[in-house]
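There are two complexes below, and they share subunit A, which is joined by subunit B in the first and by subunit C in the second.
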Partner chain A sequence: MGRTLETRPHYHFKPWNVGRWVLWGLFAVVLTVAPLLWSSGFALTMLSQMGIAIIACLAYNILLGQGGMLSFGHAVYTGLGSFLAIHTLNMVADGRLALPVSLIPLAGAAGGLFFAALLGYVTTKKAGTTFAMITLGIGELVWSMSLMIPEFFGGEGGISGNRVVGAPVLGISFGPQLQVYYLIAVYCFISTALMFALTRTPLGRMLNAVRDNPERVEFVGYNTQRVRYIAFMISGLFSGIAGGLAAINFELVTAEVVGAGRSGAYLLFVFLGGATFFFGPIIGAVLMVVALVLLSELTQAWLLYLGLVFVFMVMYAPGGISSLIMMNLRVAAFGKLRPLLGSYLALVGTAATILVGAGAMIEMVYHLQLNEALGPELQFMGATLNARGFDSWFGAGFVLLVGVSLFELVRRQFARQWGITQEEIEREIKRREAAL
Partner chain B sequence: MSDTTRTAEFAVELRDVRKSFGKTEIIRGANLAVRPGERVAIIGPNGAGKSTLFNLISGRFGSSSGDILLHGQKIDGLKPYEITRKGLARSFQVSNLFTRLTVFENLRCAVLWSLGYKYSFWKFLADAHDANDRAEELLEMLKLDKRRDVQAMNLTYAEQRALEIGITIAGGAGVILLDEPTAGMSRSETARFVNLIRDVTAGKTLLTVEHDMGVVFGLADKIAVLVYGEVIAFDTPERVRANARVQEAYLGSVLADQQAEAGQAAHGRAAGH
Partner chain C sequence: MDQLLINVLNGVSAGLLLFMLSSGLTLIFSMMGVLNFAHASFYMLGAYFAYSLARAVGFWPALVLAPLLVGVLGALFERTALRRVHKFGHVPELLITFGLSFVILELVKLVWGLSSMNFPPPELLQGPAFTVMQSDAHGLGLAWGAAPADRCTSTADAVMHCSTFPATRFFMMVMALFMLVSLWLLLTRTRIGLVIQAALTHPEAVEALGHNVPRVFMLVFGSGCALAALAGVIGGVTFVTEPSMATIVGSIIFVVVVVGGMGSLAGAFVASILIGLLQTLPLTVDKSLVHLAGNLGWAVAPGDLAYPLMKITLAQAAPILPYLLLVLILIFRPKGLLGTREG
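Coming up: the complex of A and B.
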């Protein structure tokens, strides 16, 4: 058997195996160093949210990417985890419960697990479209409950808490945001490691099998419902940790954390990051926070841009950003990336042109709709546009049109080039296989 | 019911099994009793219900009435995974693989339950040495070792058929059902494949649906003839050939044509459908 392993073809590209320790080390370093590099209060807020979002998105991807379960109600489990955590925090503050604040996220985990066990039992009875429909229904159910039970959900104002409870342990009071960040970072690292470990276990692999072919799974002895159910509970547990951290981070939990909007965001950004690879949701989580915090500051039309990007990705890169990265790493591993760089520059350039043209028009429309009182003029990328002027509209339309036509030309050329490159790689693989 | 006394007698037993889809009765009182270690080919014209019969035995469909027994135990009404755990495995006519997993992962998934890993998420696959060794062993047996890390969807057709058989036998089931294992293969591939199937199913109870008479004679020592949802004959090839009812219903001409070749080169003929 040993001989077979040694003589096995080694052309297969597996960066995850080669540099796994390097990658995990790097991840730890980034988590540790990030707040030192970006130390402003605003940056710290964003980094904290990213850490939370990474856990939540990875937990979501246990369902979407690894189990093929399209959930429209993931916020139920992060959100209910948040509520359980904030209630626990308040009980600790009242002296009714002795628990260090650093362990409050585990109360969130328990909450996430409990509700995933309860609601998931029904949900995971089915797969595919039916599963998606049930998650949608349960999402709406919990959302409507949040309005009906103000004692638990706190009604309009939500439930607030105070994370600075009791005497500081080793000087850590969780008052300063930096301390909260590091708490999040520790949970983030451990959760990520555990969720990665899950992908290497019998259950994790059978979950992939259930995604690919549930019928055959039943004929190798596994109950697909049971596989989905256990995975759903594990996802709920980690979602609860994310929710618990969010409760500590914001010290306020409102009903919107269980809402459909939040659920939609998880789906959208995990998809953007890429559900195929384990690290895809991490990219998605970072993007989510950037979009929700930064982009929403930058423009009122941010949701519209987000929608456009999403549609664009679904059409041209359905594997998300992570699969774009992995495809290009494969090309690079065969030494064929350099000739593509020119095309990439051209793609980025023409896409930026489209963005400028479309952006100008979108901003003018929004300006007319929302800021009428401020007059017809607005600033856009250093230029002054007149939302009622023909020139501005003509200019923007012209830029958009030029951008779109150039982009399409470049894209077609690139698609050809990409196809040729892939064929060359396939031939190379065959050649190496034959040489063995 | 005298189930316990029958335990050793039959590996698979069908008693007046019926299956209707809507108003159409596809299986109309099928009876069949296969002894342990017997190798049975189920033949019959298109639409006779051969695949349906397999779907009933393996639990993919529920039967409308009648009893299906595995080693004397009633299995009709059980879920496919429950039947699989009792030691009955089946292959599919259209390859039914874990498409995005590698060949190795496909085989490993197929052995996990039989080795007792169940739903464990507290141990690593890398440490599941018995499962890994068994999967590597299967790779060599199936001659797929060079394709170990290729995704199942990127295999050639013949390789997919081999993997289909591999997944079926991986769990070590004692009763194997193969649904047209050589369908769509070329003549030379079929010949090689029949040898492979014979090797990997040695010592097991085998039921196979097959159109290719060469394959039938290469694999089976008994033939069951299914016509319009009924088993009209179940005997050795020679006696089935001589059976007047079979000749009348379907088989006479087919068998007469092939008797000569099939007799000497047991598995040389391409599919005739």
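Coming up: the complex of A and C.
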């Protein structure tokens, strides 16, 4: 890498990357200011969970996005990190170990690294779909073990701890949630920066190469298996940090944290956020907490909606939300976003119509299935629906039908418009290149 | 002795059920390179469809109709969704089936509810298929159906003991073997089988000869799902029809496919039987490493550091044995038992 740069004859001028500094500065400001803007207890717990989820999702994306390794068992590393952290916390509380609470996530990191080194040796022997299946198997293995060894995993009740131990340092006791949030925020910022730095190192670049063309990497003389293994361990390390922070945040670790459900959630939301860009998983993490906390309160059918959104995302936008953002930023950079806005509005409007129609039907079925005893009436978006009545079903079906047909019309129009815009941009790029 | 025989048979029947599932998975994988994460979901769908159909038209028609229906659904999914992401590569293909497994699970919960279904086997399959009789006087004996009572009760001069093998499990074995043979005949003796085999290795050449390879893919995917559904119908009456039935077998069949060797049908068969036995046989052994160490003259007391790990009995450890086998296979024979491809 370095050599190719040196052999190039000129162009040593390297401008200060203002945009990057602004973005990182903004990230730090958001992390600092967020709890001041949303200061309620509920918002604070959500923000704390988001910080943890950001680290976990970014760590997962080292595998999925940067290494092309689809893991179905990532919760193993966050979860085992959590367990080691809570055990460390309890040892500190017993006085068997002298360690400030703020460093306990590092115990989680050590745990994550250790288990990633141990299990990753087996999993990273393969890539692609085999890797996916092996991680699934390892995940199941650890999950079953967690039920078998209650001494370490705490059985049904899990292992609880108390984060307020020792004398307060500089008045910080980690009793109030706000102090825990800032601990998480600091770890989140440092971990994010480190993981971003990783993408700029030769190792990070080799990891991308292993993802894109392993055969060629082998020919160049690298051992793809070793590159995957190192990346896996780094991912395990950061996952362990997230797990350790979660242990401090909740003060309770149950066997659920190593379960397949948690692993599936990481995969799902990292993909939704977008694995192709570094910041994609951050969006995914925020969505994950919002979905797990808010959406699950709102409707019982949220997993169904989530699954459907995921399937459509894979089909129509495999780059996730971040790629949608970047595509539109490109359009905006060429000043062609304005004509598309009308179509976007129409798309959103018709999609919302579909959602209302389909949502009403799904909610009625769920109501019949689960809350039969409460009678056939249910509230949906301020309207009272009768799950046994014909008119409610007819109304919902009608709304759905109208939504689908309008959406299809708008979608066709939009697809045409989008194609034209992209062509114009391509031509513009060519023209600029020719002008240079 | 009789109990051991029954246990082995239980293990083999469990293994054959796994083979019914993993054969479809392997077929789809070796042909399209798609690892169908939702395979176990189609298995569950088969059980639920059969449950609803059995109430309307009876069990035997449902045994045929439910797999057909699921096969059509699978083909439809391949046609509308999977084919579209095919151009993005294998990981999105895996992801979309992962999403599908979510959706199917939620839809099943939505339509049939969270509790387990009362899905009894039909008249013919209730009760034991045969009984193994053991007695001091007559040695080992076998009787179809339930054994006569006088052969099972101990008398003054002979200790007698009987073990029964359920008819549903017997049916499971018969169906799986029937399926194995017909699948083999289909793949090696028919025209469509030859096209499928050719499309496994040389899709372009097959296409150049005028065969519609995407349609063959759709057919294979649909049939794989139908096979899973057939296993689901049988599994549904033998075990419990409930929303968690997909996750119970889901990860095991992936272990089967990796242990047997990716894309090897024969390997899938061997691995299925092996894992079926591995899941069943240890359940009867209530001994742990503590016992073993005790027999070797090393007493492990509850206070020792290794005690929590060593006190786990083999019966308790049974659920993790397949996964341990997976890890061992990956370390010592990464391409699987009968696999040919490395990578």
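Keep in mind that, in the parts below, the second predicted complex is superposed on the first by the 418 of 436 C-alpha atoms of A that agree within 3 Å, B and C clash if a C-alpha of one lies under 4 Å from a C-alpha of the other, contacts with A are read in each partner's own complex, and residues count from 1 in each chain.
Everything that follows uses one rule, which is that a contact is a pair of C-beta atoms (placed from the backbone, for glycine too) under 8 Å apart; a residue touches a chain by one contact, two chains touch by 3 or more.
Small disclaimer: the values here were computed from a predicted structure and weren't measured.
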Clash or fit, subunit B versus subunit C on superposed subunit A: fit
Partner chain(s) touched by A:154 [first = subunit B, second = subunit C, both, neither]: neither
Angle at the Cα centre of subunit A, taken between the Cα centres of subunit B and subunit C once the superposition is applied, in steps of 10 degrees: 80
Which superposed partner A:234 touches (first subunit B, second subunit C, both, neither): first
First, second, both or neither for A:433, with subunit B first and subunit C second: first
Comparing the two partners subunit B and subunit C, which touches a greater set of residues in subunit A: C
Partner chain(s) touched by A:81 [first = subunit B, second = subunit C, both, neither]: neither
Three-chain overlay, closest Cα atoms of subunit B and subunit C, distance in Å: 12
Residue ranges of subunit C touching subunit A (in the complex, touch as defined): 29, 33, 35, 81, 84-85, 88, 90-92, 94-96, 98-100, 102-103, 105-107, 109-111, 113-114, 247, 251, 254-255, 257-258, 262, 308-309, 312, 316-317, 319-320, 323-324, 326-327, 330-331, 334, 343
Residues of subunit A that touch subunit B when the two form their complex: 1, 4-5, 8-9, 12, 197-198, 200-206, 208-209, 211-213, 215-223, 226-227, 230, 234, 433, 436
Contacting residues of subunit B [partner subunit A, same complex]: 58, 60, 79-81, 84-85, 89-90, 92, 96-101, 105, 108-110, 112-114, 117-126, 128, 131, 133, 136-137, 139-140, 145-146, 148-149, 167, 170-171
Subunit C-touching residues of subunit A, taken from the complex the two chains share: 68, 70, 122, 125-130, 132-134, 136-141, 144-145, 148-149, 151-152, 260, 264, 267-268, 271, 301, 303-304, 306-308, 310-311, 314-315, 318, 362, 365-366, 369-370
